[in-house]
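In what comes next, chain A is part of two complexes: it sits with chain B in the first one and with chain C in the second one.
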Partner chain A sequence: MSLLQSFLQISSDFLASSVSFFTLGNLVMMFAAVMVGITFGVLPGLSATIGIALFTGLTYGYSFEKALIILLGVYVGAIYGGSITAILINIPGTGSAAATCLDGYPLAMKGESSNANILARISSFIGTIFGMLIFLFLTPLMTKLALEFTSPEIFWLAIFGILICGSISAPDLPIKGWIAGLIGLLMGMVGQEDIQGWERLTFGVSNLITGIPFVPMTIAFFGIPQIVKSMRSAQFKIEAKKDRVTINIWSLIKKNFFNILRWGTIGIGIGAVPGVGENIAAWVAYDDAKRRHKRKQEFGTGVYEGVMAPETANNAAIGGAIIPLVSLGIPGSPPAAMLLGALMLHGIRPGPLLSIEHPQIIPQFAALLLWASVFLFICGLIITKPMVSILKVSQKILIPIIAVLCVVGVYAYNNNPFHLLLVFVFGVLGYFLNKMEYSSAPLILGLILGNLADSSFRRALFLHHGNLWYLINRPLSFIFFAACVLTILSQTKVMHHVKKMFVKK
Partner chain B sequence: MIIDQDKKNMRDTDVLFALILMVASIALIIYSLVISFEAMRVTDCAFYIAPGLPTLLIGFFLLVSAMILLVTARRQGGDLRWLSPKKFLVKFKSKEFWNTVIVFGYLFLYMIVLWERTPLLGIHIPFWLATFIFLNLMMLTFKATKFLNIIIISGITTFLVDFFFRTLARIPLP
Partner chain C sequence: MKLRKKTLMTFLTVILLICVMGMAVAAKPYPNKNIFVYIFSSQGGGTDTWVRHLSALMERDLGVNIVCNNLPGANGGNGGMKVWNAPHDGYTVLGASETSMFFGVNDVAPTADQWNFFIAGGSPGVIAVHAKSPYQTIEDLVEAARKHPNQIKISDSGRGKLWNIKAIQLGSAVGVKFQHIPYNGSGPAITALLSREVDAVSCSAGEVIEYVRSGMLRPLVMTEVNGLDFENFGYVKPATDYYPSLKNGYSNLFQWLGFMMPADVPEEVVAAFGRAFEKALQDPKTDQFVKTQSSKKIGLWGAEAKKLASKMESVASWMSYELGLAKKTPTELGIAPLE
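Then we have the complex of A and B:
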């Protein structure tokens, strides 16, 4: 099939999926899901990841299509929702909205909260649509490329994902990100291994034979530390001022058209890197906006582009994060990792064969992203002001309720009380790791990719009688191997000296 | 060079964690060798496909990472002097420490002790009662609001969670 033909085929499938979505039931469900997502995004401590993790178990009884509507609605809504609190009270509801605080809150303080909110909403809408379009047309190409992957490529890609995620997401030292990734990899090795069926690290506990499930672990490493931290910390004060939209939005968007494309591309690019996700995308786009702005010294005092850049990028990262998920089975962000769990719960195994086994799935994902972004816009309009009232409720009341939802969410995942014990034990570990500034993202990515990396590595060695050269002797595997080496070297003084040498020359 | 006390505290805990990691990774390496040789003996496989090889590599890289962390933390002023009984007692007496213990304690009570299928108590505790007790304990301990409000909020939340998850989502809660 020629490129044009496949383009037309994808476009028509996408249109068909978008139209078939248009039933009252689907519309109500998407509306409710986006509303819930925005609520998760607004409440500090909760995130898209926790929202999807909670709803994954809940959607078990629904058809796959309905489950996807709910989960993508929650995902898109939560990523946008974080910006509301970032702008109004200077507390990012989600990590991906942290960069929005820098200029969003000063705008609110100047009496421009409505301007900042509508800019965040429109940027999130554009970002999601942009990410969706790239996802729609790039994923089939990525899938074709992924079909060329053999065990060494998969192994190196998994290792590269963990390394890059560890380097970027560690707030303190990069080595801590890698240690978190290694701990995650080790957790991924628990249970019966694929090659020989040998039990590893189960210590006689029969419940561990099937491995450590990553959806409950997301609650353990993201939810439990946040619950404990929030109960200890003081209640924040809400002082949101009422004002009106006073800027010409469309001229601002026209003026920043190419910037928006660039921030969207940053979002997609970073979103597509395994495990990195929306948080980093927002910071990189903010930095880009600041560096290129004529009045860069004014950033941090309430510049419109300072709100537009992170909000475009973090929502574009959603489409980016789903590209490797669908084409390779490797999630681009922690919420995408939760989507992976949901897909597997519904008997769908993401990877290069997915679009062959389920040819409608890429247009279906894209159509749902389109509708989710439409509802993001509508719900954002309705919900922004009432949300501020919810935030006035004491955290000491909200957090116990959220704790109950987390516990029930873990149980709902597959009705196994043993998972509650696992979540408690790893929740304690997660709390201490969080306190020592070990990022949970590489740990969860390691957990997801552990088994895949292990079986790919040993399968490659088995096929070539233990010859290590085979791991790097193909162009693609060598590229991924080199990327791993460069990622490690980039955190050492060696790379610093090399950079200096080139700069001198 | 130490920038502030927070960073110093961080490096102190890094030193302790690096040492724990080093011990754990050595244990992991030994464990990996044991299961690898056992698998090689039973299945007559080569070492490179033995189940312990990946965990052995993880153990090795964890050991190296822990050593790097230890050296970095030491260079930036981290030590183990904070583990002295006197300093430890100060941390032990802090409100933050006890609040953390209380939250984990209540979570343990809710998730492990009161959950019906965990046979710790040997008696049947319905989900709604466990949830109601947990919510009340958390809100009362941290003085969320007035006593009567706490009872009302806990009651309504328990009803809604039970209704939503058990009835609407059809999850077989205990």
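Then we have the complex of A and C:
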């Protein structure tokens, strides 16, 4: 009964917040914020994190409500915007869109760029709404779950992510996925490690102490190879003439209804775990889509679900990431960490009492997410048409512009010229790896997860004086451990034999 | 021909005008152009928030724009070297924290004797436990560690960082061994305590204040020489009340946030900047800011700040050396141990 009451209370608060948002000023501001967010997402190197950081400073003088409209609008817009660049030119506009490249770009090459774009947009929309609903109604439950993630759980989650490398293998040799993944893991080890504070593989370069940054590397391994390849070949292979939507969106959504729910749940769950974030959510959802699909082997050649899964998950992760932010003051992802800084700048200290002392804050955040996703849909509609027609521009003009934007994006990331050097060096490596048909995706995955897996593993051991038993002695850590083992077995022939045995009996 | 002469004359006049204007500008006292502040850590952190707050107030007083940029990385060395390599004229300033006390041993930027300091304020250190923890006082915690050496886990923001050193100082002063578990920042260190992965956390009061207020965490002791009143909890005594031998270590190492300028910046420039700095600290807006940040004002610059910084650098450097983290030994750098 009290559950029903609180449900009704939250619903009515949410509706009230959503309706009271409806003023011309707010609508214009949200429209502009989402547009700016999408632009940040589209431009390689500029991400949701940077967008929020920039606008935190710019909205210092605004009232808290107005600042929040702008920041959430930028957040939602940027996470979606990355997919546009991923689909059209095979360069993820943000890290969270890296998984979208895998099937989005092949779709565009087949002349289905409009199909891929509308799928990305609708998936992002559904994902944001789904994340918002869970955030609105299940925050207390999700907070409890998030606090169950101690070092062993995070370690197994990281391992689970790393295992995805094996399933994104190159067409000729499956081992190539692992080789690229290991290069990424090695790169993830560079820098001052978290446990002993020791510097690894820095070769005395002080700029490497903080490690190899992730955002510039997405440019180096996706952007540079693509730019060089396009400059070498005579023409872009995209057939822009067939730029109409040719699929029945509704039947596709209906067919994948339960899949979408699962991808959304993956996104929210991973988003809510402190310190993981949208990037990994997208990968895990992509892997899930591939595993469950009837035509697994066609993934990577342009499967609709390969675009829908990561885009649903990375936008659902927004709702997930702000769950611990609002309920505990702990950000679930890097952009949410920026949001935390912004709240503090406005004199609001997120913490366990925030949602008790300001009961309106959860419905308010949720209402803003709802409107942001509505504007995501509208802005996306406005922006993709001209974006697609950009591809009709001669590549002699287009590619140099993209190259310049990439370099500017890398510099804007931290105002550090050293990162330009890094992008150049690793870009050359990226080009040759690409020529030898190594996928960049597992490499980027290894880079994100390398340090996370390493530090959480060693911290877990350190906590329990080297006793391995503590890695699997909690219910959640055991479940993740079992999932990892099953994943490994399913990639070998053992599983096949086991299945056969059972079938015979 | 005529035209050329005319052009030449115009050109010369313009040059002359620029020169005159330049002289006029040069004659005007500091500051007569925009000041650039490079913050050596990322957006949204403590250093960033403090420096941006003070800059906004100081720019009104100085009558020029103060442009803040973040240059994180290399343990603050990226920002430090940017300012060091710029002209030492007071127009390029570093936004810094006590992390700069490790510049020398980390070998990323010049040591404290090469800088001027403007120490604004900071949040005091605390050791807190979970509300459900059996440890009611710091003595309980110390006693438990005495019975079970290396079993009582205290999380902190990273090995060799301020809060790690504070916890180590406590352990060695009372002669017990805690197990120090480093995390990547204070946020994850506190999260680890909330999920009860560790027994206690060593961090700043500002970082735990909301959890104390809600009753999720319980502060045991301030790792400072002064106590602190926690809202909804009450007064928490300083560790020096229990263990007086901590006084030397704790009084010479604490969190501070503020500005740095190379030591050879002209004196009148330092004074002008310092006066504006002092005014900004006295502004009622700063009182409000300090309250929301649950920090304390320090407000030191000039000779006093330099003296404090050199003491602090000594404690920090020798501690870092004992932990085996120093890339350059304090002796090499000419940093004497504190008596």
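One rule holds for everything that comes next: the second predicted complex is superposed on the first by the 280 of 505 C-alpha atoms of A that agree within 3 Å, B and C clash if a C-alpha of one lies under 4 Å from a C-alpha of the other, contacts with A are read in each partner's own complex, and residues count from 1 in each chain.
The rule is short, and it goes like this: a residue touches a chain if its C-beta (ideal position, glycine included) is under 8 Å from a C-beta of that chain, and two chains touch if they have at least 3 such contacts.
It should be emphasised that the depicted structure is a prediction, and the values quoted were computed from it without experimental measurement.
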| item | value |
| --- | --- |
| Which of chain B and chain C A:Asn207 touches, first, second, both or neither | second |
| Which of chain B and chain C A:Asn415 touches, first, second, both or neither | both |
| First, second, both or neither for A:Phe462, with chain B first and chain C second | both |
| First, second, both or neither for A:Lys176, with chain B first and chain C second | first |
| Touched partner set for A:Phe149, first chain B, second chain C, both or neither | second |
| Which of chain B and chain C A:Thr56 touches, first, second, both or neither | second |
| First (chain B), second (chain C), both or neither touched by A:Met338 | second |
| Chain B versus chain C as contact partner of A:Gln196, first or second or both or neither | both |
| Intersection of the chain A residues that touch chain B with those that touch chain C | 57, 195-196, 198, 415, 462, 465 |
| Touching residues (chain side chain C, partner chain A) in the complex | 42-45, 48-49, 52, 56, 68-75, 77-78, 107-108, 150, 153, 158-160, 179, 181-184, 187-188, 190-192, 194-195, 197-198, 209-211, 213-214, 216, 288, 292-293, 323, 325 |
| Complex contact set, residues of chain B against chain A | 10, 13-14, 17, 21, 28, 31, 35, 39, 43, 45-49, 51-55, 58, 61-62, 65-66, 68-69, 72, 96, 99-100, 103-104, 107-108, 110-112, 115, 117-118, 131, 134-135, 138-139, 142-145, 153, 157, 161, 165, 169-173 |
| List of chain A residues in touch with chain C within their complex | 53, 56-57, 60, 147-151, 192, 194-198, 206-207, 209-210, 274-275, 328-331, 337-338, 340-342, 344-345, 347, 349-354, 356, 414-416, 455, 459, 462-463, 465 |
| Residue ranges of chain A in contact with chain B within the complex | 57-58, 61, 172-173, 175-176, 178-179, 182-183, 185-186, 189, 193, 195-196, 198, 200-201, 224, 227-228, 231-232, 394, 396-397, 399-401, 403-405, 407-408, 411-412, 415, 417, 420-421, 423-424, 427-428, 431, 435-437, 453-454, 457-458, 461-462, 465-466 |
